[in-house]
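Here come two complexes built around chain A, the first alongside chain B, the second alongside chain C.
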Partner chain A sequence: MTAAAHVPPAARPAPAPVRRHQWLATLRTVVRTPRGAIGLGLALSVTLLAAIGPAIAPRSPTALLTVPFAKPSSQFPLGSDFLGRDVLSRVLAGGWVLLVMAVAATALGIIVGAAAGISAAYLRGWTDSFIMRTVDVILAFPQLVFALLLVSVIGPKLWLIVLAVGLSHAPQVARVLRSATLEISERDYVKAVELQGMRPPKVMRQEILPNLISPLMVETGLRLTYSIVIMAGLAFLGFGQQPPAANWGSMINENRIGLTLNPWAVIAPALLIALLTIGTNTFTDAVARVTIGVDRRPEEAALVDDLGLQEVK
Partner chain B sequence: MTSDPPPLAETAGDSSARCDTVRLDVQNLVVRLGDSGPDVVSEISFAVPAGEVLGLVGESGSGKTTVALALLGHARRGLSIAGGQVRLDGLDLLRLSPGDLREVRGARVAYVPQDPSAALNPTRRVGAQLTEALRVHPGTVDDIAGRVQEVLGEVSLDASPAMLRRYPHQLSGGQQQRVALAMAFCCRPSLIVLDEPTTGLDVSTQRHVLDTVRSLCSSYGVAAVYVSHDLAVVGGLVAQVAVMYAGRIAEIGATNKVFPYPLHPYTRGLLGAVPSVDRAEVLTGIEGQPPRPGRRGRGCSFAPRCGYVLEACRSQAPEPVLIDGRAVRCVRAADIQAAATARREAVVTSPAAGTPAAGLSLRDLAAGYGGPSVLSGIQFDVPAESCVAVVGESGSGKTTLARCIVGLHASWTGDMTFQGVSLPGGVPRRSREQLKGIQYVFQNPYTSLNPRKTVGQIVAQPLERFTGLAFRERVERAARVLQDVSLGPDFLSRYPDQLSGGERQRVAIARALVVEPELLVCDEVTSALDVSVQAVIVELLRRLQREHHLGMIFITHNLALVRSIAQSVIVLRDGTMVESGPVGQILESPKDPYTIQLLQDVPRLATDGDRGGDEPCR
Partner chain C sequence: MSVATASVRRGSSRAAAHPIRTLVIRRAALGLVTLLLVSVVVFLATEVLPGNAAFAVLGRSANPVRLHALERQLHLNRGLLDQYWTWLSGLFSGRLGNSLANGQPVWSLVEPRLVNSAVLVLLAGAIGTVVGVVLGAVAALRKDGWFDHVSSVGALAVTSLPEFVIAITLVIVFATNVWHLLPAVSLLPPGSYAWSQPQLLILPVATLVIVIVPYLFRMMRGAMIEALESDYVEMARLKGVPEWRVVFTHALPSAMAPTIQVIGLNFLYLAGGVVVVEYVFNYPGIGQGLVFAVGNRDIPVVQFIVLVLAAFYVFMNILTDVIALLASPRRRIPREP
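== the complex of A and B ==
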């Protein structure tokens, strides 16, 4: 084999259409769809508002400035709340903590749930039964009730709320990823590395996880939506940031008695929560639609190759 | 099975009389991607007389199924029929309103799909499904029950009430396909389109189904279009054959002319790639892959892969030329006709070089999946540096055997030794040396490569565990092995979905070879590939086996493939060995009746012009 000498060192691979991060390509496609663009636009603008809100709030969100439930005026564009605080400033200041907590809870839920679901499906047997029965038990409680239970026993600490909401997501994430993994772990490429004697943790990390990107992306978006709703709901019920801190969820609760006097004190936070969840949900939906097309089963990929449809699109 | 098929041949009319009536006339059919996208198939023209079968052959992606569906006025999602005519007894099916088309489908044009188990409704009884077509088209037949009885007899199925009360899953694959045929024939259509109806069936069943199709068509004057990728099947069945390539008909003419003396370079290549069960020959595949719709360029689509290519071929698409009674879309058809037909080079099979002790040996192996045993009494040796072929139909246990040997299936009994050392069952109990020494190539290259890894990562992966090489050395070794399987180093950074089926299978072979094993277990490695690619892969394996001094177990359902690659053969049936011995002996003078039957039923390519079906009608 003299030809072997001519092989260029692989440290400099030939310039081929390399896609190191396929999920980036997927995101790009998603953003090009109307659904994806609208969803991402909504979610990003609400996030941006919540992020820079505390800095641009015209007044202190906690100062008592005027009469309770004052109508909108040039001084207070959204009127005042039940204690006479500026609604605009409270809306601007009250989103950031909610968002950070929702993201943290989602991340926790996805990580724990994915680890549990993938291990259950790949290791089978005793591990599978143990994990899935635990999941069944947790699933028996409605998500909000589960979070309420933990918070009311231990107390309304912010980290505890994140933990409770995150853990309440984990079982559902585990379910979804278990079924996705069951299918993938039967594929020949997984058998091929098993024949090399690769250890299960590595098989799960290297061979299975990268092929779960699309269900993971969809699940993340969905869980983020739920986190926001549950966080806001908990705040509404009085678990969350404690008064006098501003929070979209608690604002709805505090001001609903004055709905006829100054509806904006309720409508503004409710609208922002609605726009945010509609945004994340629409975006997730777009991701799901795109990945169904992108992440075809190998047999379908073969068929598409045959017709050359991929190329032409 | 009580009723004999009626004497069909006698009921057939005078053959010269029916040849005058052209039943199906297709002119300039064009199917596009979307409404204004590139052509998927174009310039499709052919005519089929009553009672005749036209074979539409081509490899995957050639557009043959697209054409078949267009004959029913149907286009798959994303495609549209953009032009041309499909005239059935003078009636243009493409001009019909959706309502009229519905009337015609089933009654005058019938379709037999590829997979009968998917085409029959699993929740309804066979009888109900058969009468359905007759009920949907009232007026075609007066006595529905009588017609069902009759048509079941015609497809050689038992027409008893018990049969009619069965569900599809209670039938065998062959019976299911007969039911699908009966459904197609029950309204006495004028045209029947068969889309690879025998692909999933084993050779014996396949032969029976083919005989049924042929006799039904000729006795009722039905025009049939038979779509297939299997040239040997088509060669024995049809009078006229159309070879499709990249959405066009490359060559069309009488089977007994086209197959013995192909004039289009593609047809020649395709025929050269078909393995023969009678002779051990070097198979010549066609390198490269067909261009996809929208990338076909101005010139001849086959030019990049063609051995006869001229400069003119690359700039202008050839028009079909009439030569020797057929239409050939090649400017060099006359040159090719003048050239002598090249016979394929014979393979010299060398006797096994290594000693049995250095290879794999199985004694009294039995295996199962908890229930009844799938394999029993398996006993054979694979001497080092020799190739043993394991042949069997689906369900014979050949894949289970492979999985036992490589360690994926752990519950077996008996003795397995490799290089004199006992092999335990299951991957975790085997030593690293044993795992490295026996490598497995999976059947389907579309599922055996991780779509998220580059070819370089896939091929270098086994080195990580089996050798102490550093990263750079691993990648260099991977590049070298890729070169061995005729893939350049630029493949290192590609992903599997950027590769064709043949390239994927080469990568899978490279992954097995990279650790320098002693034994390669190839499980139906060509069954998911086209015949031209199959030939390339088989030749590659044959060369690699020689160069790398490999022992090899070549598992296949295709007896013809065995001839050119293996030294000895084992025939499996229902999990037991019915016969084993040197390749020549088994294929030339088989002793076991099952092997004899199997060999008889293998479709043979009619290269001598004597098996081309009826004389074509013009």
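== the complex of A and C ==
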């Protein structure tokens, strides 16, 4: 506070040390790292398959075509499922809803979490206490259990699942961005615009948010991975798209009784989910290495911070 | 340096004993408040959200007469505060109500499941902790060696896998397609205890161990590398302390401090992780009970299980915070302004 008081009232605030589209430059650097390239390659191939899958599926994903759990043949390259439907067509059709829901939940969690975390750190006082207490309450539920609680009352509606998963992400995001904002709001250029009388909402939007691009990118990748895991998990438990819709998560559950007859009905969707989450997670790890420069995720870094230990270089 | 440290210690020792107790008490009080708020959230979510519990239970078979009768049974016809109070005081006096699915008391349904889940969580947590700490320390000692590279990449890949993918993989390898060594699912009837057939525990425990090890491994490896590169370890080496003593008495203890919190976080994770894993292996614990209850919209059972899981969460949070507080001396001294 005292340091900022020396700035003459007429002085223009120093431009924030942020380039336009810094995140694009970061992404370019990340893609050039081996981890970044592998992660992006995996995630994009699965996404592409899920996106064009419904259009290129050779048969109807819901038609009963042959005997249950038929072995792979030239007619049905991945065999048939527990009702005699074509596994290949179901695999091709069963990814895009999962992906869209995961992306929507991630966006919701990041927006709500970032708004809460930045406001808590910048406005302090009772706003901070109120937001962080709410965060503690939501954090007391395991994410999947929070979604199950809402589903138990309203039923497995897709919008509800997106809402529940998105909201359960918000506290974690808020925590990470709160600690990043606390540090930024002490910087001189923020103090300078404050002295010029800039309103808090504008300070947060124009001066603080652009400096949070790195943690935001890492958080987005991390939450996307978790969203996919939780969404697929809910579908696996039977609380996603309802039958007869094809969904990678529910396919694994439906067909595991026939593992010895036609394992491909389980292996194919499980493999796609695995490649997708490994891809997004590896890419996020590469982003974290490039932006934060440590071999540590923001959640781990926050933990170390919390304990008052020194940062590793 | 040593004089300064000594004087700080002497100066704060009288004051430090007190702040730490205050910190612990305050942390516990905060946890109780959180738990109370959690109960409000569970109550509001299950009783007040559009399409209240009575409607949710009856579903399509709802007609005004049945709806009214069930609303009375669930006390939905009374005021909100009155409902909450009845519900909360019922929790504390052991009157948890009856399951809507089969009319049995909630406690008798949940009690054996609680025991089974506790067995699963404790076993997986204990084994996972030992494995994670040992692997992390070994990787740090052989930093940039082949073991470090293989295990780091492996940890990164496994962290991102959903539990049910790991579980299904284990089933394919050990129970069905490759070898038939272990039972793929447990055939224990609900209400019996897991230790009557210990081999049923192997795959669920193995799945949870695989899920929790990577996080601990990464943290332990990082903390251990940091400790091994620190000045006091170099000092010990220069003084000629044998390498095994450097590792076990100097580096390992200081690397454990941040790791303790991760061990706590892993137990927290397990509280949610049991849901999917118990369902996969048909293991009669509270996770599977929760999935069944959500499927049947058995609200009293859902309420109770969610509250138990949340209480465990809050309690573990307090416990890890307190242990971390005691384990890292720096935090005991109030930070300078």
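Just so we're on the same page, the second predicted complex is superposed on the first by the 273 of 313 C-alpha atoms of A that agree within 3 Å, B and C clash if a C-alpha of one lies under 4 Å from a C-alpha of the other, contacts with A are read in each partner's own complex, and residues count from 1 in each chain.
FYI, contacts are C-beta pairs under 8 Å (C-beta built on N, C-alpha and C of every residue); 3 or more make two chains touch, one makes a residue touch a chain.
Note that the structure is predicted; figures quoted are calculated from it, not measured.
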>> Just to be sure I read the superposition right, which of the two partners does A:V266 touch: chain B = first, chain C = second, or both, or neither?
In response: second
> Of the two partner chains, chain B (first) and chain C (second), which one does A:L150 touch, if any: first, second, both, or neither?
Replying inline: second
> Does chain B (first) or chain C (second) touch A:V137, or do both, or does neither?
Replying inline: second
> Among the partners chain B and chain C, which is in contact with a greater number of residues of chain A?
Replying inline: C
> Should A:L195 be classified as contacting the first partner (chain B), the second (chain C), both, or neither?
Replying inline: first
> Can A:A286 be said to touch chain B (first), chain C (second), both, or neither?
Replying inline: neither
>> Please report the chain A residues shared by its interface with chain B and its interface with chain C.
In response: 306-309, 312
>> With touch defined as at the start, can you tell me which chain A residues reach chain B in the complex?
In response: 1, 3-4, 7-11, 13-14, 16-19, 22, 187-189, 191-198, 207, 210-211, 213, 298-299, 301-302, 305-309, 311-312
>> Residue numbers of chain C touching chain A in their complex, please.
In response: 30, 33-35, 37-38, 41-42, 45-46, 49-51, 53, 56, 156-157, 159-165, 168-169, 171-172, 176-177, 184, 218-219, 222, 225-226, 257-258, 261-262, 268-269, 271-273, 275-276, 279, 290-291, 293-295, 297, 299, 302, 306, 309-310, 313-314, 317, 324, 328, 330-331, 335
> Okay, in this complex, where on chain B does chain A touch?
Replying inline: 33, 37-38, 40, 60-61, 78, 292-295, 406-408, 427-428, 430, 432, 435, 439-440, 442-444, 446-454, 456, 458, 461-462, 465-466, 472, 475-476, 478-480, 483-484, 488-495, 497-498, 500-501, 508, 511
>> Could you list, by residue number, the parts of chain A that touch chain C in their complex?
In response: 133, 136-137, 139-145, 148-155, 225, 228-229, 232-233, 236-239, 249, 252-253, 256, 259-260, 263, 266-267, 270, 273-274, 277-278, 280-282, 285, 295-296, 300, 303-304, 306-309, 312
